[in-house]
């Protein structure tokens, strides 16, 4: 396992970490979703990443793109709701950038994430400030790219991305939702943190923490 | 949480298994993905497929059968189904005349159905989609998720199913579905919230004298919370919003649909219908058809929704046409 | 108390008014007493009349129509109707072939129907009565009120109504009713109590993890209170008592009826049906017909009851015969 | 109004009093019924006596039997449940004894009540100790007869009957119900006072109190 490059083993370790973090935060995410949605986000994400890690554990990989692709397919066919196709698309589009690569440095990872984010925006049509996962992902991936340009280490780059994701996530609190179920609440959606922005933050946290060890 | 279940992870699977066993003459389950199929499909007609989160029973699985749906794809409770479900279901019920997806307007449903449609199109299967968005409680705008699909979906599935059954082309069937959607409006309210089994606690809290107006069907909170009122005033609030929206006018003939959210006694729904009938009578709107009962629910939520569909002769004929499903049956 | 009502004193009247308006093609209200009548009565056949306290909707008013009841006499909520209701209803639906009263075994029902029968006999109208007492939760004895009439009543009304519709004599119709009663057994349970509107509070209290086994349909407490269990174990408890009582034996063909108490989602009833099907399968008892849904309720109570009816060919034929009522409909 | 004889005016005053007492105890009776029955006894009795007094107020009477008869018909057609036919029968059978009488002394009243009680027992087939209204009525009417034989005043006779009714009512507490809805509870019906015995006591109380004034 190499902490400066994302290789197959590191990627699998990250997925294990995502699964653990999502599982640990299942009730928290569901609670956030019950305030402004339909109380299933944590349940859905947990189901998805449990299936994804199962699939990944049972396979042999020679490039990291294939891992991302299997994750994408698992999420797509098990999460459902809005988050399923969105995260499925994120990992699918990222996997296309990573296809054939035995490892990724910060620059490649930033490119893959940008592709993923573009997929999410194309599918969900959310604008920044609409109170969705996009509000955590955009600043995080912007930071990742900047760090890559500045020649940061993978770990430092993810640390900066994570900090921006956290800020983006918290900044969703006062927003009035314009997309997804929370939008039905109109003004009443303000004052609550967006569940999808929170799960995006947690996924990035897992990337960072898995590399830390 | 008090529920008649065995395992929160298995509520959808076991419930579908019970449905299929109880109505083996009408429906069967897909062997690999989660989908309810007509026992006798495929036949040479346009196949009508719907689906969405579970927890709204009898919708959609209970509407599979002669004269209504060819397949229903249930997701987890309140969670959109995944594209593989619609994809595999469509492959079984496709009769070569094309497929109509009836989709309720929720971000997740839209995206998952769209993905399935793309997958099917890639194999040369012709899929059209109509999105139902009849909930006047939600402000509509180009820049939001738009109105939800609620009670109007049940009426669309019945009428569109009849159109497909009588041999309508995909284009005709789709147009009828759009026609129903254009003429139907709904609004709901809740006296109590509901509990998603896997979540274990109510989706929101309501005080002992409070009700929530403009509720959806996913246990999501509504737009206004207020002190509980007599049925007559609740009917007036919901129906005024509905009537003004289309707008429905004096002389219009409508199908009046009073729907229970799952935990409301039928006797109360008839009280609501009684008040609705009075209200519409005063406005000169004529009830030509009616439906009263639990048809699109939110688990054990107490409350109701009102749906009005402006009828024309063709819709009346299609509504009256025979239907034989676990949840809706007449004429056969 | 949260209910969709206007006035606790008017719940029965307004609910009946809604029923009659929503189903004017099938039923109408008696002009002076509280009774639901077939829209097309009287006809030359044995008239079948039932009734009982309100709060069990769709029973009985929802079972008036072709192939089932000729009249239903609803009392106040959970209160037997009064003799004048049955007397006046009988005078309207009497077709000269005699009248059968289907009475659930409750002291009040028995006495009030008996008084009506006496009043009608005094005018030369031939009335027979059958008392349904299928609830195995109640110990039976000559020296007590005996077993209650519960879910078996719905099945009796359907089968007996078909027998009358096909031209059976009063003697034959009565014998069929006794035959159904002799072959049907039920037992119910509750996860939550219900609230009589005029009383304003729940009829009993249950802890957040408790359920009540052997409940009746009047919000009266059951025989055992215990910690809540998985659906499978609840089904086993209820069905074991039912099966041992008749007893039902391997090879028997049955109608399996899973009934919701009013506040239980349909999805949960299908889970119960799924478990019931497994349980009976292991005993070698064959489900030949089924019914799943809210058919004899206790207001908004959460819970279910299970009813098994041992079928023979005639009962199967009569069960399958067309029926067209607000609450039960097929074949037309 | 004569306090030693039950004349038309006294009888109407008694009915007003019954109506008031039942109304005041409506919730209490319903609560007793919710413990071992179906929570409607107070509601039913209140509906019945409200209708009965309405009818009686709108009529002119020349004998007390006719008043009792109108009460019987009202109860029969408005109370429903078990109590409707039982109390209806009580007043109907009593009215037959009182028919044509402009007034009743203690002896005649005791005879009328005995007739009524016999009707209740014939219809409901309850034995003493079955935990029903009969458990209050039997000792009360026994006492009424004894007092009549001993030459008591009407008021004293009713006082004795009332005391016995109260005892009979309280004595239903430990009993296991054998008739009516409470019997479904088996042993669990013990420890609760019978609603019907309580309403019988309240009706006798109204007789006594109306005469006291």
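Should a chain be cited, it is by its letter among A, B, C and D, assigned in written order, with residues numbered from 1 in that chain.
To be clear about the criterion, contacts are C-beta pairs under 8 Å (C-beta built on N, C-alpha and C of every residue); 3 or more make two chains touch, one makes a residue touch a chain.
Note that the structure is a prediction, hence the values are computed from the model and not measured.
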Touching both chain C and chain D we find none
Counting C-beta pairs in contact, which chain pair ranks first? B-C
Quick one: report the Å distance separating chain B from chain C, using the average Cα coordinate of each chain. 29
When the centre of a chain is set as the mean of its C-alpha atoms, what distance in Å lies between chain A and chain C? 55
Could you put a whole-Å number on the gap between the CA centroids of chain A and chain D? 75
Which residues of chain B are in contact with two or more other chains? none
Quick check on chain D: which residues sit in contact with 2+ other chains? none
Within their complex, chain B touches chain A through residues 53, 75-84, 106-108, 111-112, 115, 137-139, 143-145, 148, 196, 198-199, 201, 203-204, 216, 218-221, 223
Write out the stretch or stretches of chain B touching chain C in their complex. 2-7, 11-12, 14-19, 21-23, 54-55, 57-58, 62, 191-192, 208-209, 211, 228, 230-232, 234, 262-275, 277, 287, 290, 292, 294, 297, 299-300, 302-304, 324, 329-332
Give the list of chain D residues in touch with chain C in this complex. 30, 34-40, 43-44, 47, 76-86, 123-124, 178-181, 183-186, 188
